[in-house]
Structures are given as structure tokens and as C-alpha cells.
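You will see chain A twice below: alongside chain B first, and alongside chain C after that.
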Partner chain A sequence: MKTKVTREEGQITIEFTGRLDTPAAQEANPEITPLLDEADKTIIIDCKELTYISSSGLRIFLTIRKAAEDRKGKVIVQNINNDIRSVFMMTGFLNLFEIR
Partner chain B sequence: MSQSTQLDPHCMAIMQEYRDRRPLFAEAELKIAALLRQSLKEAGIHLASIESRIKTEDSLEGKLERKGNKYKSLADITDILGVRLITYYIDDVDKVATAIERLFDVDWENSIDKRKLHDIDSFGYLSLHYVCKMKDFPYRFEIQMRTVLQHAWANLDHDTGYKSGVEIPKRYMRSMSRLAGMLELIDEEFSRIRSELTDYRRKIHKLVSSGNLDEVPLDGDSFRSFLGLDPFRQINRKIAAVNQAEIQEVSLLPYLAVFKGIGCKTLGDIHNIIKDNFEGAYQIACYQMGLTDLDIVSSSIGPQNLCIAYILKKGWGKGGVRYFFDLLNGKEESNETVAEMIVEQAKDLPFMNQQ
Partner chain C sequence: MNVRDHAKKIAEKAMKRRSRWTGLLLIVVAVAVLGAISLIQAYYAQEGIRNEAQTKAESQLNAIKSGILNVVNQAESAVRNNVWLAQWCLQVPDSLANIPRLIVNNNPIIAGSTIALVPNYYKDRPLYSPYVAITNGKIIETSLATPEYDYPSQEWFVKPVEMDRGYWSEPYVDTGGGEILMTTYSVPIKDNDGRIAAVLTADIDLEWLKALVNDIKIYPGAFSTVVSRTGRLMVSPDDNLIMNTTIDEYAATVDDTASFNALNRAMLNRESGSIQVTHNGTRNMVYYTPIDKTGWAMNIIIPEREMFTGLRKLNNLIRILQGLGLLLLILIFHAIAKSQLKFKSISEKKEKMESELMIASDIQMSMIPKTFPPFPERKDIDLSAALVPAKEVSGDLYDFFIRDEKLFFCIGDVSGKGVPASLLMAVTRSLFRSISSHQDNPKEIVSAMNNSMADMNDSNMFVTFICCVLDLKTGKMQYSNAGHNAPLVFTDKISELPVDPNLPLGIIKGRPYTLQEVDLHYDDAVFLYTDGITEAENPTHGMFGLQRLKDTLSGRKPAQDHLDNVKKAVADFVKDAPQSDDLTMLFFHYLNNPTQNKSVNSITLSNDISQIHELEKFIGKIAEDIKIPESLKSSINLAMEEAVTNVIMYSGADTVDIAAQTDEDGITFTITDSGKPFDPTAVPDVDINQNAGDRPVGGLGIHMFKKIMDSVTYRRQDNRNILTLIKKIS
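After this line comes the complex of A and B, so read on.
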């Protein structure tokens, strides 16, 4: 699992690659936590290379959403495959994010 | 000081006192504004704005030039420091006044309610002016209170020179007066609408609390009250229990458009959807989550599955489910994929075969 963070003006893109399961989520957390202070910006979570998401992964998405909500920012989830879309749907997460 | 002004020594002394005491006024300005903001916030009064200013040197000089003999010292001039509170509603002006009476000592002799100065057949400047005193500040200050519309009229009136002493044609004066009357009427209408809305909300809340849901039309206010009863708690808990999942509470207000979109007219209609589709919603969750280890759901899952079960039982099929997600998430091509997935999953579920 790899997490890549890139910053452009007023926008942060987080790219998850591989399986976002419990160990991977623990690994990703230190990279995500500092971003929460910048959640007043638009945060794009790019899932193009994300193949699997567990509950721990969903919690990361929720943490980012909460920070963005508190700081009047915006979260966009993009390029999710049908398996991950299905996980979002069955957990009631589908309408919590702007999904592109 | 402007070159053209010639003040007598008495007025010059007042001017000097003003210059010496200006920092004190600046300090008081901040303190008064902070006290007002805090107090009005606690009283739940929303203001359009708070403005404050310290009289400029030129303005004071002009005043002294015109009527300097009227004042013995700077303390006799009550508008060196002025604050203006602009409310949205006319009945908030009196509430603001009450808050000010509690905060400061009001010099009633010099305060004036310009709203009461007009004859019954005349219209014009409406504002409440209080001259106040505050502990540890030796000077009086003025607080003006008025509504946004009164404020707009006062500014326009000032701009047209209506009160500048220059005589303007009677027909323009009549137009300004007519406008003032109209704004007064609008101000009262806004307050009346607010009162009626508050009464409506109370009535709806009472009906919701007493369970007379069939009598409650579905709208933003009633839906909010309904959500206060936590109507999806039971289905969310039942679904969460499938995997001993944690429930993340999220706003369910987006479901107002969904329930309206699928034909609900009253809260009773939503109540019936919950009652009649509870089992179907649970079966969908069991099928989808039962073989996973997902142990987190959002509180949106209950209403989502209830709506899906309702739509499928109605025979609205894939198009109906897609319409549901279009209402909830906005129109997206991917909603078609999700709808297809759900219809495929649900076709063998027991609720689909129990009519």
C-alpha cells in the first residue's frame, strides 16, 4: 500500500495505491494526520489505484471528511472502482462524499 | 484643523480635551462593541451589523462652530463615541434596547425614540437612540438601534439631502415619505412572517411529538423535528448488529428531498415506509454485509435501505433505485451501476417475494 500526497494551490491530492486494510490504514495515518490542519482546502482522494478498502480505510475517509466539515473545506473522492463503490453503498457512505 | 474654521478659546479647549482623550475613547469603543456582541449573542439576537465610530476632528470642529456655546466641556457632547446596531427584524430593536439597558446606564433625559416622534399620518426617520454611560469611562456615548430597512432609508435620505437644510421640491419630499411608509410596512410584514413561522414550527413540533404524523405535511421544519425523534435508530441498530458495527452519526437532512421525490407528502408516509420495509431493509443489509468484515456504517444506511426496499417492493426496479441515488447523490452515471448491483442482489431476497 502506498500513500502519495501532492499539493497544488488551494488543493491537496491524496492517492492511495493497493489495499487499504487495517495495517495499511495504520501506516497511512501519520501521513494523513498533518493534512487535517489544512482541511479548509479542497482535498481530493484519488482512488484510481485503490483495489480494496476495509473498515479502517473507511475510518480514514471519515476522519478527512470530519476535518473538512469543521474547517469548511471540501472532500472529493475520485476514480473509485465498482468494488469500492459497493463498499461505500452497503455502509451508507455513498452520500457522504462528492464522488466523481 | 481646517484653515477656514475660527473657534473661540472655549471651543479650542474642548478640541484639545478631545485630542488628549481620543485613546480613551478608542479603548472604550472596543470594550463597548465586545460587551454588546457578547450580550446579544447570549440573548440569541442576530444582528445584521454592529458599527461604531469616534467622531472625527473635522466633524467635532463643525459641531462646535455651529453650537459650541451649548457645551461646557467635552463631557457634554454625547456623540463623540457612537455605536449603531442594525437588526433584521423590527421587534428585535426593542430586545436590543432591553439588553443595552441591562449593560449600561441609560441617560433617559437625553435618549430619544424617534419612532414615536412621527404624527400618525407622517413617515420618516425611525430609530431608537440611547445615550449611555459605562463604569470606568467618564464620557457618555450614543447607541442607535434600527432595522436594516430603516438603516437603508436613513442612508438614502441623507444622500438625497432631505435633511441637509437645503429645501428640495415637495414632490421629492413626498416620495421619500412614501418610501418610508412602504419600508415601515415591509418591516412589520417581515416580523409578522417570522412570528407566524415560529408558531407553525411550534405546532409541527407538537404534532410530531404527539405522534400525529399523518397530519404533518413533509417540509424542512417538520422533517427536522421528525429527525429529532431519531426515527431510523431502530433500523440502524438492527443493520449494525449484522457485523457488530459502529454507527457513525451523519446528517440525514439530504433524505428530505429523497422522501419527497419518492412521493411522501406527510411524516406519516415516512413512518409507514419505516414500518412496512423494516424487514426488507434488514435483509438487504444482511445480504450485502453478512459476508464481509465491515464494522462501520453511517446512520444513513437505515433510510437508504428502507427507501430501496420500498422502491423494489413497489416494482419500480432499476430505474427507481437509480432515481433514488440521483435524488440522494445528484445525477451520476455511476448511480446506474449501483442500481444494477442492488437489483441483482435483491431479486432473491425473501421480502421481494412476499407481496
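After this line comes the complex of A and C, so read on.
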């Protein structure tokens, strides 16, 4: 599991690679938390290399989403595979995010 | 004696002392109350008796008085009725003698009569007093006008003249016609000029008075006296005193002179009343009253002893009853105090011991698994066990669990009975659990247990023990025996499992134990038991024995049925003989059928979130075995990760066991932990249509595994959470 954060003008891209299971989400948390202060920007969560997500991973997505709502920012989730799409469906996350 | 016993003795002594003081106080109070009651009762009773005596005395005095007055009035009337005649006769002096004659003849109560002229009233008669008396029915007429008698100086003559009215004389003893007590009533007779010319008299004898006074007896020892105006005794129980003694003279002869004098004054002053006097050592109540006209007074004397005879009897009766009541009270109190003390100490000890034993028994029973079947989700294991303690707490134990597809089971028998045995049993069980949680080799498990127990074995107790570890997949059972009786093994026959004669646990530290092995096949069974079963005795001390046990266990039956049969057979055998030893047994029926297309896998994870990677591998291996698509594997993995994560993060359990059983229908996962009770199926569903802002961060995991799995059921058993998740595979 790898987490990569890149900043362009006015927007932040987070790339998750591999399995975002519970231990991985715990590892990723410290990298994500500082980004929440910048949630007034557009945050793109790129899931092209994300193969698996558990509720702990979803929790990270939801935390970012809530921060963006508070700061009038925007969250875009892109490139989710079918497994992750079905998890999003199961949990109602499809309706919470702008998915590309 | 230890400190606790000493303190108890002191407390008991204090309690005894306290209850003795309480008893004493109670008795003192009872005596005081009874005493007060009897004093009050005595006082009022005495008052009542005094009042009654007074009433009686007064009524007697009145009766006597009216009897006397009746006579007195008759006498007075007899005289007065002739006054006019006497006045008339003064003019014819010779006729005067007729008047006494007339009076005596017409009035039986009058013994004599005279009319005595004032000296020289008639020139020719310087003294004149014709006297008529009746003695023994004979009328005797004499004259009192003799120089010896000198009637003008006699009281009966002087006083009425002096006082110019009727007068009763002092009583006197008449010696003329026998010693008769007499009194005389005399009235002055006046002539037409108003001068006193004569005195007319009537004598009455007072014998009737004595009779009248002595006639009425209100108490047996009561008596009356009548005294004259001058205090002379007219009626007295002592005849010698009559007219010879005045009451003042008499008073001087007695001890209680003061009281007598007071009585005498009151009587001579013509008062009515009562006074207490002591006479010859006895106390008496004296009621007295004057008798009108005559100048006499009379009294009635009642010895108090007699007055209160009834009361004394009553008081004695009451005192006896009170005494008996008090005695009864003391006895009852004593009995109660004694029995309470006894009861208290016995029942306290008993209750304490029973509650301690009950607690120990509860703790002990809660240690061993006792819900059967223990692995309902596993079709390859039919296991049941039972422990029937002989005493309240037992020294036997059994235990079993599955780890990494290995069934660990054991049985043990602690030497001795009761609480100490049960404590050692608890130690044994916890050593078994802790050592076997990381050790698969029964020999090593038993050796480690032995070393720990020998270390702390101060009381030289020991445990016979046998530990078995069965590989559920292969049927290979390794075991190590520590002095326990050989288990039975059921193949095509029933035989004893060969066991090496190793020492029981806890005797010698570092002692080597041996490892033995046996292969179990489908439908084989093992029966572990303690000698409480084979050595169960009937009333004639016959033993149940191995053969009877083998006979009872014949045939293939569910494990629970075998145990029930053994229990019943032993009970039928021992009948009403007391159970002398614990009955402990474990029956395991191995049902892993290799010909069936199914397999069981399990894994035990420790309380660490990184263990999720092990779970992933475990799921991956199963998926590979049954060849399911990647996406199904991924979602099963997701569900299991969520379920297991919950346990690792929140249950507080040290480990979590995951078993997966696959067959044609699908996969059945069982997640078992001994953490705090938590039923995820009872958690309300997450509302997935809420806005981001409203959505809670938690709860998604449970939501997902419930969505992914076809069935999720929870149960709490033997203090463990057991979550069963089934995923159907079409």
C-alpha cells in the first residue's frame, strides 16, 4: 500500500496504490490528516491503482468529504474499479462523491 | 490458634457477655415491673380492705348502738311516761310508791325503780325512796332511805337534780341480786311550783349489752368494748376488767400507751373515728363511736392480721404466680439466648462455608466449557463432557478447544477433595490453557505444567492428567499421560489406550514425560474419564468397574447420549450410597470423513491489527482450494476483515479464532473470541442515504459484512462470542 499526495495549482491529488485495508488505513491516516486543512481546494482521490478497500479506507474518504463540505471545497473520486464500485454502492458512497 | 479464630472467640465471648447482660437487665426490669404492679395492687387492695373493714365496723357499731338506744329509749320512755303521774302523786305522797311498782311491772327491761324525794320536801318525810326491784321474777319492795345508803348523795340522785334533766348513771355492779352490771336512768320530778321535788329512776341491767355487743362478729378475732362516761369498761372480752378498770388505767399497762391514750381521749371526747393500736404485738384497727344520751362510747377492735387474711392469701398466691412467671421468663430467655447463640454461630459458619463453596463451585464450573455441542458448526467433531462433583467443589477437570485445526483436550483428577483440590484444579486448567496456546506437543505441555506446579506445590498435592492433541485433518492424535488412568479408544472394538506410567503432575520438577501417538479414523472415538466412575461404589462396596463401563459405552451413539448412559448406569449401580468421588468424563467422536468433499480450516490470530494480513492469506488459501473468482474472494475477504477487525479492535480478547468449513453449498466462517460480549447483528443498519455531513464515521464495517454474507448469526457461549458467517457459492 502506498499513498502519494501531489499538489498542483488549487488542487490536491491523492493516489492510493494497492490494498487499503484496516492496517493500511491506519498507516495512511497521518498523511491524510494535514490535507484536511486544505479542503477548501479541489481534492482528487485517484483510485486507479487501488485494488481493495475496507471500511477503514472508506472512513478516510468520508473524513475528506466532510472536511471539504465544511470548507466549501470539492472532492472528486476517479478511476475506481468494479470491486470498489460495488463497495461504494453497498455503502451509499456513490451518492456522496463525484465519481469520474 | 490463629488470629482469626482468636478474634472470633473474643467476639463470641463478647456476644455471650452482652446477651447475659441483656438477660440480666430484662430480668431486673421484669422484677421491677412485677414488683411495682404488686405494690400498687397491694396498696389498692389494702385500701379497699381498710375501707371495707371500716364500713363493716361502722355498720356494726351502728347496729350495736341502735340496739343499745332501743333499750335506752324504752327505759327513758318508761320513766318519762310516769313523770306526769309522779307530779300528780306529789300531792298525795302515800301514793308515790305506786309509781316504781307500776314502772317495774309494766316494763320487763327495767329491773328496779324508785322515786326518791328531795330531802325534807315534805316536812314529815326527810328521806323517802320506795324501791321496787324484780329479781328472778320476784318483786321485792324496799326502801333506799337508809342512813347507810344515803341516797341523796348518790350520783343517780345528785346529777339529775343538778342538771335539771334526765341522766344516765355510771354503770355499776349491783351486788344485791348477784353480780349484775346495772345502770340507772333518773329524771327530776318538779312540783307545780317548778321546784324539783323528787327523782324518778329506772334501773336496767346491762347483761344484754354484753350479749348484744358480743353477738355480732365481723371477723373471728374482732371484739368490742363499751366504756362509760368516765372511761370505765362496761363490756370487754376480759370479764375481770369490767367496771374494775378505766381505759386510762388499762392504757398504762400496755406497750403502745400513746396510741391507746389517743384512742381513749377520742372516745371520752365522744368522737367518731378510727385509730391503729398495737396490742400484744399485733396491730389492730380500732373504730370507735359515742353512744348518744348515755355518755358511753364503744369501739370495735379488729386485728389487722385477720382483716388482711384474704389479702395475704391473695398476695401469696400472686407472689407465687409472679415467681413462677419470672422463673419461666428466665428459663425462656436462657433457652432463647442459648439457642440463638448456638444457632447464630452454627448458621453463620454454615452459611459462610456454603456460600464460599458455592462461589468456588460457580467459579470452577464457569472455567470448564459446558455448552454442548461445543462446535455446532463443525460436522467433524461430536464432543461432550460432564463433571458431577461429589462434594460442593470438585478436584476434577476437563477442558478442550480447537486451535489451528487441532483439537486440544485433557482430563485431570486432583488428589484430595474440597476447596484446596478445586484451587489446584483451577491452577491446572489455567496452566493447560496458557501453555497449550502456543505449544502443540502434549509432552511439552505436560512437562511445562509439571514444572510450574512442582515449583509452587507446598501442600504436596498432585494431579493425574492426560493431555491429547488431535490433528483434525489427519486424525493423528498425540498424547502424554501424567499418571492418569488409560482412556478408552473406540475403533472396531473398545480398548484401553496404551499409556506410559509417567508420574502425576506437581510431584518432581524436571521429570521427563513421554509422548505417545495413535491414529484416529472416521467414526473412531475416545473416552477420557476419572476413576470416580470405575470406582463408584454401591451400598455393599462393590465397584462399578471397567467392564460395566465398556458395556455401557457399546455401540455408536451421539457423545451426549453416551455420557447420559454412563451417568445413569453409575447412578443405578450406586443406588442410595453417597457419591464418594467426582464423576468426570469426556467423549469425543471423530467424524472427519475424507470421502466427503469438504474441508475445515482454522486460524488463530492475536490481538494485533497487522494480523489482518494473516487473515488475507487464510482467505486466499481457501479461495484457492475451492477455486472461486477473484472478485468474490475480495468481497469475502472484505466481510471477514470487517468482522475480525471488530474483534481485534474492540473485544479486548487476546486472540481470535477463525474457522472456515467449505462444502458444496459454500463457506461457513466461525469467528470466536473470549472478549466482552458484543452482538454485531443487533447493531442497527446504517442509513446509506444520509448526506456526508450527517453520516457517522463508524458502523460501516458491520453494515458491509452483513451485506456481503448470506447469513450472519451470533451467539454467546462459554463466555465467548461466536459469530457465524455463511457465504453461499452457487
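The definition used in the following text is that the second predicted complex is superposed on the first by the 100 of 100 C-alpha atoms of A that agree within 3 Å, B and C clash if a C-alpha of one lies under 4 Å from a C-alpha of the other, contacts with A are read in each partner's own complex, and residues count from 1 in each chain.
Heads up, the rule we're going with is that a contact is a pair of C-beta atoms (placed from the backbone, for glycine too) under 8 Å apart; a residue touches a chain by one contact, two chains touch by 3 or more.
As the structure is a computational prediction, the values presented were derived from the model and not from experiment.
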Superposed partners chain B and chain C on chain A - clash or fit: clash
Contacts of A:I99 with chain B and chain C, given as first, second, both or neither: first
Residue contacts with chain A in the superposition, chain B compared against chain C: C
First, second, both or neither for A:R85, with chain B first and chain C second: first
Chain B versus chain C as contact partner of A:T63, first or second or both or neither: second
Touched partner set for A:Y52, first chain B, second chain C, both or neither: second
Stretch in clash, chain B with chain C, out of 134-142, 206-214, 296-304 or 314-322: 296-304
On chain A, the residue positions that both chain B and chain C contact, one per complex: 54-55, 58-59, 62, 82, 86-87, 90-92, 95-96
Contacting residues of chain B [partner chain A, same complex]: 245, 248, 250, 254, 285, 288-289, 292-302, 304, 325, 328-329, 332, 334, 337-338, 341-342
Chain A to chain B touching residues, read off their complex: 54-55, 58-59, 62, 82, 85-87, 89-96, 99
Complex contacts: residues of chain C adjacent to chain A: 609-610, 612-613, 616, 631, 634-635, 637-638, 641-642, 645, 686-693, 695, 697-698, 700-701, 703-704, 707-708
Residues on chain A engaged by chain C in the complex (per definition of touch): 19, 21-23, 26, 51-56, 58-59, 62-63, 65-66, 69, 82-83, 86-87, 90-92, 95-96
